[in-house]
Amino acid sequence: MATLQTRASARLMMTPAVVLLLLWMAVPLAMTLYFSMLRYNLLMPGMEEWAGFLNYRFFLTDPAFLTGLLNTLLLVGGVLLISVGGGILMALLLDQPFFGQGIVRLMVIAPFFVMPTVSALVWKNMLMHPVNGLFAWIARTFGLQPVDWFGEAPLFSIVMIVSWQWLPFATLILLTALQSLDTEQKEAAEMDGAGALSRFIYIVLPHMARAITVVVLIETIFLLSVFAEILVTTNGGPGVQTTTVTYLVYVQALLQFDVGGASAGGIVAVVLANIVAIFLVRLIGKNLE
Amino acid sequence: ETLTIATVNNGDMIRMQKLAGAFTEKHPDIELEWVTLEENVLRQRVTTDIATKGGQYDIMTIGTYEVPIWAAQNWLVPLDFAADYDVDDLLPAIRAGLSMDGTLYAAPFYGESSFVMYRKDLFEEAGLEMPEAPSWDFIGEAARKITDKDNEVYGICLRGKAGWGENMAFLTAMANSFGARWFDMEWKPQFDQPEWKEALQFYIDLMNDAGPPGASSNGFNENLALFQTGKCGMWIDATVAASFVSNPDESQVADKVGFALAPDKGLGKRGNWLWAWSLAVPAGSQKTDAAKTFIAWATSKEYSALVAEKEGWANVPPGTRTSLYENSAYQEAAPFADLTIKSIQAADPTSPTVEDVPYVGVQFVAIPEFQGIGTAVGQQFSAALAGQSSVDQALSNAQALTQREMEKAGYPK
Amino acid sequence: MARGVSTRTRITFTVIGWLVGFIIFFPILWTVLTSFKSEGAAIATPPQFLFFEWTAENYVEVNSRSDYLKHFMNSVVISLGSTLLGLLIAIPAAWAMAFAPTKRTKDVLLWMLSTKMLPAVGVLVPIYLLFRDAGLLDTRIGLVFVLTMANLPIIVWMLYTYFREIPGDILEAARMDGASLAKEIIYVLTPMAVPGIASTLLLNIILAWNEAFWTLNLTAAKAAPLTAFIASYSSPEGLFWAKLSAASTLAIAPILIMGWFSQRQLVRGLTFGAVK
Amino acid sequence: MGEIRLEKVHKAFGSTVVIPEIDLEIADNEFVVFVGPSGCGKSTLLRLIAGLEDTTSGRILIDGEDMTARAPAKRGLSMVFQSYALYPHMSVYKNIAFPLKMAGADTAVIDEKVRNAARILNLTDYLDRRPGQLSGGQRQRVAIGRAIVREPKAFLFDEPLSNLDAALRGSMRLEISELHHQLNTTMIYVTHDQVEAMTMADKIVVLNAGRIEQVGSPLELYRSPRNLFVAGFIGSPRMNFVKGVEAEKMGAATIGVRPEHLQLSTESGHWKGKVGVAEHLGSDTFLHVDIDGIGQLTARADGEFALRHGETVYLTPSPERLHRFDDAGNALS
Amino acid sequence: MGEIRLEKVHKAFGSTVVIPEIDLEIADNEFVVFVGPSGCGKSTLLRLIAGLEDTTSGRILIDGEDMTARAPAKRGLSMVFQSYALYPHMSVYKNIAFPLKMAGADTAVIDEKVRNAARILNLTDYLDRRPGQLSGGQRQRVAIGRAIVREPKAFLFDEPLSNLDAALRGSMRLEISELHHQLNTTMIYVTHDQVEAMTMADKIVVLNAGRIEQVGSPLELYRSPRNLFVAGFIGSPRMNFVKGVEAEKMGAATIGVRPEHLQLSTESGHWKGKVGVAEHLGSDTFLHVDIDGIGQLTARADGEFALRHGETVYLTPSPERLHRFDDAGNALS
């Protein structure tokens, strides 16, 4: 379609969004780049001096950095695994006819509307606490030793909480995808002798590939910046077991008030995020077309 | 004029917010807007704001950690009060922590130290008697004796959640009594010294033997809940907790709580800290006078009397004024008053340790880098508590990372 | 498929479905229940499920302590404002991408998404300084702007995927019928895309409502939304679970109810064109 | 092998009865076409045979065996859907191989059969493509390929050509007929296309509202429709129906005459009328003629027939080609 | 008013040339049909005229005025899209009124014109409905209504009936022809349907790969196709082509004869062959006859012609109906 005229107007119409986002990205990014080269601590004004790559050196050689990187990947990967895997199961379940389906659906999507801080607080204090928590009570009721979630499996605990928040999102998208599967295709597979499991593996799952891609992409973007949940529950500990790259940046920025360090960390995080993004796009990009 | 006041969401502050009507009545030209935030968020907010001269707040609630650092940067307006404020009535230890070169930069709203809270009934059952000034050895022994894990009674609850204001507040204060210190006079970290090892080993063994499960993520609040529900035999923590644990509305063990000074190791220092939430005026504020007026009101004897009248003596903000502790009505309402004041007096921020140190602060080191370092070290120690690493490893990691951060920050200066 | 589902299967799925739904919903339910308990009952072991003394004291307390309505209004203004502004900017952009695509359209889209990968903590100080200089700290306008920027990529992407499903020849028909570009967008595209726009609107209101970094760090008293309201209830000294639950319930209830009522709409837009 | 018998088959969705009761026999190797207006139950009937729907009552026998309660896959039938229902994420090869893979055949066997089917259907060059990269006709062939490899007792086709354009439809029609000769397997074919029904069927089943109106060979239906419905349904352009006096003259309530059985003359004839629209197709001309007292009749003339709008024309029905119907619409012999 | 002239119009998308160079004149009030195989550029040509695409070079004149760079809305043309392109959120009334509203006409005028259009198109009862509540044919009429009200210089139709079923297509065909007589406006009509092209057009333009193969009236094209392409494209079933010795005998590289112009006999004739598939339509029978040395020819017989697979048949082309083509495929006179 598109004549020269429409193409010209198209360019015009894109301009506000592109320019604003460019500004929103470029200005802080430029400032961040600049700051990252400074020895600049908010608490010591007037002492700013050029530091070259010092901040980068310290950020990258931080013993917590590699663990942080790994934890970030584990967190993102874990949540993706649980929310996508769980989302598929939930979608399959919600696709079955049963009584009160609508209400169950409402219950399942509810966590998506809860603020991250609230959900972290609720999970930590009211559910997972090894003494006063509900899980501990359940364990004890069954004569089991309550699990000290944040002591024994801290990262997993956080993955659980975050997964709980993102499961509805995955469920919703996957359910819609599932319901868009052509019935004739399912019937054809049935005629072809495929059992329920085969139909799922060969027909349903490939059909949902694109939806899964979208879930993975969107969730990754949001998960890379998760830190409120960590802050509220474990403060990155015990040790550095729940320290992620974002959390490290947070430490630089809002505990140390080391703007230089935080900026360097931010830049590193951006680079890493983009590597992940490129990797993702490579891996699954063609599903997006 | 509208004053924007940033406060922490602790009980005493919230009470002040409720009672502020009395102030605005007297000063109809001043309106108050409150920003009540959780401690960590509050600290982030006010620090960012003051450091960038954002000017969003006229009064900030800050702790003894911030005051010396900020005062040194000329970020705070010096406070001078009229005579009827009676500056000299402020507890000297607290006042010293909030002053620089003799000038007061923040007015204490309430102060606290730490001490031992224990269950008299459990001690009695075990045939133990708590001395007023126990030693660590006694505490260790008693804790193990009381522990009855099957009935969910744990001998001792201590902070384990990583954070400079969480486990490190306790551990630093405790380490002080073991003769340890953060830095020597050359700003060299001291985690490789035997005192730290002894202190940490003691803490971890004790918690493993007599602590509750999940201790590595317990902070003040978690422990409070545990103690109030009768799960702890002892709890060493802030003196303000005394009023919560002995409040029958909240606590299931209100009538069974006893108090004692923080333990020592016989080296002349007790393991208690000193903290005061204080009100200060940022230098960027346009409304300095009104702000000072408010602060004078909020930290005055008059305010104490107001609280006493409205909410009872037990709820008066503790730990700031000598006169309060000489008040018999208060002493009666608050059985822990005596030990509180003794604890506060026993702490000395300017000389916190057995050996000399170049820094100020009992349970913290008043340098800007401390929040980050303290939290990082806290993570190491909580890992050791969770059994994820050994004591030695935790200490050597702590040593290395502290060294690193200090080097990055350019110490010694 | 029309072959009958036996009643037994249906009942089995009913049981499983409700069980799973209940488990997932439980934390929220528990929060709501707790908000009606006294502080003591809130931490009691064994936990008290329904048979406790119901009390509204926590709500009274929360309301006497902080002005819920003010925070609520701020949340509404900020989330609605940023979403509407976002739509205003995004609709033309999405139109251009969907109906006059070039080779670079996909790259532009991915680039837009990548702006969301900049960790907010890392750029807090630059933004704070810029806001201070522009006098935007603690203003609703400032937050509206920030959240618009933060969510714009998502809005553009959603609208783009939605617009792509609209047959281009309807727009061409409008062009033949003499509509100018503006009229084409106002009279034809927008009304046709109403379901998509509505779901975009909903999702972004939710995202903006729950955004807890910028809203917390760029506000003080005047523009603080519900995220800041919550921050005054998490972990103070003393028992706080019931009060926290009450505050949490108040903070999530509006968005939860809105989400529930509009879930069908929401689902349609959420798919980001993932469902063909 | 592939004899199918329906005995008193009845189907209702909830309270709507779609098929009141049907008895039908389909012999082995027969090519049976179901026709009928939209919504008359053609697809439903096919799906009942396939096992994709349960019968409400009645029995379905395949080769004498009662299959009523058997799962679709176990009935030994293959189905080709209107939408083709290809698996979009699999290559042509995998699509065709799918039923074999499900049956657990081993790779060598699969490969042989797939290649054989591809050869028959001229798909060998496209085996690596995805369905999305194929044209409509090719997709159709893949769907058939998938049906062939199972060597079913019978094929079921549900309007398989309706998504194709006219030209392609023509050639696919021939291909399927060809295939029927080659494979010698029972085929049941649903369509609403006249030409398909007439040219492909051994036997046509005309359905109306779930009821069988008539069963017979195409020419049987064309020549001796049992009632008005069948008469109007079979043949294109439609049979002309005349009621009233003219019909009564011939002792019928309605008489019917097909356009191709009206003789045209400019001079004399049975009915006199005026030419309305004349559609010139080159090969034929269709004249819509208005006749006083009767209405509009359509007549077929050859391509060179040169009459223009408004001119007078005489029409004469061939008497032996006239169809007479009684009040109830049934044919009078 | 409504004379359209294309002068050396050339269109390329990037490097793919879709229309090499076209000159075409369309007279006022003419009904012109574009036909051609899929992808030959019919739609593109129409869109160029409409202004929905830019020409790469060349000029488009409407009533003598150069409109090449004019915006679509300013050309005074109306277009009816294959998908109808109705505004789904507007009622029928508003859909039809939309162009007038865009032109800023006042309400009374709009109302009158809309009601008038609705009357002409039998839509009066549906004015309050949304397009989604209409049948295919009604939607089609709304699309035409929207085109009418602007009183354009010419109508452009892009396969407007291809989404309708056969029966409806037949009646809409008549309606559009009717409309043309009523409005007396130039119409350009794209289709790939033989019957539509033959019955509706004043003039057919046969396109092939963006080039005009022949322009002429339907019967002209049927009778004297200029080349092989046109000969094969116009007429259904397709013209039979014979090459080789038989053609050379008649002094041509290829000869063509239409199925309806082959005389059949069981006794004697020009070519002797064996009946392959016989398609019985009732009214006609199409015989596919295999002839040694020539290949398969299709012949049309009447419905009663009773020959079966494998029987011998003789075919004789009518000499005056024979088409002869040279090596390049052009017709020899």
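Just so it is clear, A, B, C, D and E label the chains in written order, and each chain counts residues from 1 on its own.
By definition in this document, a contact is a pair of C-beta atoms (placed from the backbone, for glycine too) under 8 Å apart; a residue touches a chain by one contact, two chains touch by 3 or more.
In this text the structure is predicted, and so the values were computed from the model without any measurement.
The chains touching subunit A as well as subunit B are C. Of the two interfaces, A-C and C-E, the higher number of touching C-beta pairs belongs to A-C.
Rounded to whole angstrom units, the spacing between the C-alpha centres of subunit B and subunit E is 90. Averaged C-alpha coordinates give centres for subunit A and subunit D that are 55 Å from one another.
Listed for subunit C are residues 1, 43, 45, 124-125, 129, 172, 231, 234-235, each touching two or more other chains. The multi-chain contact residues of subunit B, meaning those touching 2 or more other chains, are 44, 48, 52, 225, 229.
Contact with two or more other chains is made by residues 52, 71 of subunit E.
Residues 50, 52, 71-73, 77-79, 81-83, 85-90, 98-99, 102-103, 146, 150 of subunit D touch subunit A in their complex.
Residue ranges of subunit B in contact with subunit A, taken from their complex: 40, 44, 47-48, 51-52, 69, 73, 152, 161-164, 166, 212-217, 222, 225-226, 229, 231, 368-369, 371-372, 375-376, 378-380, 382-389, 394, 397, 400-401, 404, 408-410.
By the touch rule above, subunit C contacts subunit E in their complex via residues 167, 169-170, 172-179, 183, 187-188, 191-192, 194. Of all residues in subunit C, only 1, 5, 9-11, 13-14, 16-18, 20-22, 24-25, 27-28, 30-31, 34, 43, 45-47, 89-90, 92-93, 95-97, 99-100, 102, 108, 110, 112-127, 129-130, 149, 152-154, 156, 168, 172, 181, 206, 209-210, 212-213, 226-227, 230-231, 234-235, 241, 244-245, 248, 251-252, 255-256, 259-260, 263, 266-268, 270-276 touch subunit A in the complex they form. Across the complex, subunit D is touched by residues 182, 184-185, 187-195, 198, 202-203, 206-207, 209 of subunit A.
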